[in-house]
């Protein structure tokens, strides 16, 4: 297995936030993770990326233990839940940040960033400073900054939470393409069921500090506790409510 | 009309962000607003609440022009898109903030905050400082702090963006109940179609700096550009894909 | 009315700030200014000529002072910045913070009096190294505490962000921490520079009057009876930092406002 | 924060950092203190003749130490309080003006005046024979220099306090400006407004608490710094009571060499008292971890 | 290196002694607060000793207390090779350094130029009622005097009775500096209360001190409400008092060096109507000295420098009112004739009195204990009262 997490534990004061958490993930797969707010998702990602130290447990990447390595030695990128842009850098420089660290030549950086900005629909915003952007724009910058460096593992903490559905869809396919193209393995935290289903090769559900990974998507769809059925019912009822007129529209 | 917005305009540098924006809203109604990321939603709310000055145009509240009033004189509460908590106050004090301003006695404040914290599912977190909370928890604090003071107008900028679907649903009904009970008029920005439909008495769609408010929900559902049909199709296809097994689950 | 009031206060404050500089310069050019005259009977360069001719080696003193102060400011600002990070992120930062205050409890002159024994033993008496070390000992804690307010959760997140994007320690400092702390670094640099530039009591004890910084050279006159020379000495002390400030103004002010 | 991230790595850098901190920040102080302590009991010093408590007894008996400490604390307290108030007021009132480079330069400039020069200037300006007195005389407000009010070397330490104010107000302004920016106070201020706060409430419940909590360490530092200041009270103070450093140095440099240990007694007592006070002041209670 | 530098003065003649001083660096610690003194040292003494003897004379700033602190510190730390070779001191510091055994010597009788000094003169050979014993070389001699602006005060007080009347008529214009200078004035007052200029001569006498000081404190406390700041505080240093005089707050001030006003008038600090004058019962006269520290690394070179400083040439230059304006410590009659002629031609002072003017009113410096007691009691009996 490419990524293995063994029996991770974390307490804050007396609160057991992550408890005996274990799972595995194959290379180039995406694991979508759902879970109630405050259940420990962010803490888990931070432990995997090395930003928070687990009280116990291990993390293996490609067979090597990385539990105690520095974040920068893991070749994993953690994408913060809040859009944490560098306030002293322009949007261009924010996106280029990881590339600059690699001392790639400026011309190449410019090309890559411009292309990424196009995909992110941010090509008009490159000269702005972070505080001049809208919430969704900031989130996209943050996403672009992480993915542009083609990390072997990408840990995403609700990367598209502030996007409208259209933009969100385009970002989702961007993500899909890039992970495929660059063979990226990823964990993808989201609160959106649809997104979880679309993005994940596998789906995990986190509860009480523990992560349950479903054998297959079907298992997930079959689990009554996930809320999928409510969702389906909602849209179904809407269809009925909207009547034939809507039905026509849909079937066009 | 309780809230009237007339021909608002706002430019940032040369970017026309809000252009000739007008709409009206009746008392005690909620207007859901959808729109592409970066289309000007936040800017609009900030102008209505007085946090950003419009280049031109007027805002009327209950017949009185408020365009040039300071934010604190408008009796509107604007709920930031990013969770902006007071870093020097505990969660309890963050929620209590607006009540303390009103010089309500401590006992009453404690009761109200405790009750609100329960509804927000934050009763265990009251003694923490903001940086110790998860993203969704912070968002709920921010929401609770705004709604606890029963403002006559509430402007919400994606209040539930970081919540899992279960929590989100409970927060939605909390919102519904409170607006009904306290006769709150509100603008509700969201990227979630379902939420827009559920929360709004009316639904608006913002595009090119302009807001189009649909006459009825039906009109909205019938509009092919909103993305509703894709959503319905998705869940429908899921149902088909999942086959009979899933169907049973759903119909249970 | 409200607006008007403010429009007057600001120019007044500016005049208030400029007044001492102008007045001291004026006084240094004056002579024969007896009570109750509002203006002096003599105005010219006499005092300056007298002092510049009797104080040989003023230029060397000036250069040496600049060197000492730069060394002290750079070393204490940087070490204060780095060490304050470990101190204020440390689990026992409450105790450490308390310890950091201790050097302040003794006034520098008293501190010097108590430390001179050790400096003598270490051969740090009467030489530039000793003076730099001694001045560092009082400016370092200052810098350390100065940066305490900088370190917080958000800064930590930014730092982590660089790491997760593949940046090493150097990147963390040069790409994020230094730029974010630039304003504070500059203020601290300036303050520690001034602590060193103006330090008299400690320098005179540890330097035994042999390390003749510009301050040592001219402070005597301030304390003497002749206030025209006193004013002149003030000018010699004050104007170099002001010029420094002016030259760096573009650089200093960009990040602070 | 209880959370120790990545202990192995942290411990190495952390250990070096803490070690440097102890060596550079704590050790010299400890050495100086122990030296003073030994001196005060007659255990070191060229004219020492073995352990004795006579110097302690003598200092405690005369009581000038306690008077001096109280006097210093009052002056430093008043000066710090006024500086904070004035600096806050100026910073908040003129926040937008302070973005102007020239105005900002005006805030920086006073930092370039050392305490001794400030004291010197204040004497030239405010003494009975000073500039203001001459102007008052010329405009017939007074008929002789003696009628000019007592503003330096005076009972109320007005001159000292004024000097302190001019020295630290600019510093506090720069500090507040920085914190204002770093802590996103502008955003939080607007947020508070929208929650219905009046200007006054925004100031008292958001802006000031955040500014003060973030800077209280430095404010306390300046209190201690003023408490122990030397040059300014030396020039602008009166002979009795005197500020504490002036007293210590006077004792250390006194003509009667046999009494020098009394200076160290004063220094030791002062250090102990302020250290105890510092424990109460700076050891923040666990709950207030936002610093 | 811990090797103690010693010189065998007994068995070495001057030529051998100074033979190897060329190229040596001598550290001279002195008070540097006056441009005319600095001018004399920096532009005359330093280049001259360099040129003539090849000695690098380094000046470091510091006076009595700093010197004493340094000696105490180095003694404690057992420093054999000290930082400073020679020092400029007066009786107060001499007393302290003797107590600390910090001075090296006797060496003065070895200096060739010491032959011009009259060691019979008690104002030279006795410092604070202590025999100098060639442990320090006299450098200048001076007398204490008072001064006033004759434009405003035509008849300044010359005894305690007149002073009492004066302060009542001119409240706030007289004070006593709480330092060496002020205490020296108090000693003169005490001598007056004792009935004669000689009343404090001899060893310290506790009974005499108690009796006279009681009278003195009574006089001061009775009148201090008419002093500067109503006697609630006193200037810490004599320089402060001079500033107050210069700015017009005080009408009478005083100091060593016959008041030390010549330079102040010349530089424009005091108006040219300021004149020094004598006190009826006399004021203290004494010398100030150059000493070599016990652990001085360059004792021979320091001797060479001191020998130069007491040479007729250097002394004559220093005596000029336009230079340091310090009285020669040399006996005119012993000088070579050429220098006697030159001396006769030196300009006289315009503003300060000469020592000749004051010679009728001379008091010898009393025993050091008087100073110690006065310091302490002035604080407890006057300032803190």
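A, B, C, D and E label the chains in the order they appear, each numbered from 1.
One rule holds for everything that comes next: a contact is a pair of C-beta atoms (placed from the backbone, for glycine too) under 8 Å apart; a residue touches a chain by one contact, two chains touch by 3 or more.
This is a predicted model, so every value here is computed, not measured.
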Between subunit A and subunit C, the fewest touch steps amount to 1
Counting C-beta pairs in contact for D-E and for C-E, the higher total belongs to C-E
Given that subunit A and subunit B share one sequence, their CA atoms superpose after a rotation (degrees, nearest 5) of 180
So, in whole Å, the Cα centroid of subunit A is separated from that of subunit D by 51
Rounded to the nearest Å, the gap between Cα centres of subunit C and subunit E is 36
Separation of the C-alpha centres, subunit A versus subunit E, in whole Å, is 84
Dist(centroid_CA(subunit A), centroid_CA(subunit B)) in Å evaluates to 24
Expected list for subunit E, residues touching two or more other chains, is 69, 76, 240, 243, 246-249
Multi-chain contacts in subunit D, i.e. residues touching at least two other chains, fall at 2, 4, 44, 123, 129, 145, 235, 252
As the complex stands, subunit D meets subunit E at residues 44-47, 62, 64, 123, 127-130, 145-146, 150, 153-155, 234-235, 238-240, 252-257, 260
Subunit D partner, complex, touching residues on subunit E are 65, 68-69, 72, 75-76, 92, 96, 99-100, 171-173, 178, 180, 229, 232-236, 240, 243-244, 246-249, 371-372, 375-376, 379-380, 383-384
Seen from subunit A, its contact residues with subunit C in the complex are 49-51, 70-72, 75-78, 80, 84, 86-89, 97-98, 100-102, 145-146, 149, 151
The residues of subunit A that touch subunit B in their complex are 12, 15, 34-38, 41-43, 81-83, 121, 124-125, 132-137, 140, 157-158, 161-168, 191-194, 197, 218, 221-222, 224, 227-236, 238-239, 242, 245-246, 249-250, 252
Within their complex, subunit C touches subunit D through residues 6, 10, 13-14, 17-18, 20-21, 23-24, 27, 35-38, 79, 82-83, 85-87, 89-91, 94-111, 113-115, 117-118, 136-137, 140-142, 144-146, 148-150, 183-184, 187, 190-191, 194, 197-198, 200-201, 215, 219, 222-223, 227, 230-231, 234, 237-238, 241-242, 245-246, 249-250, 252-253, 256-257
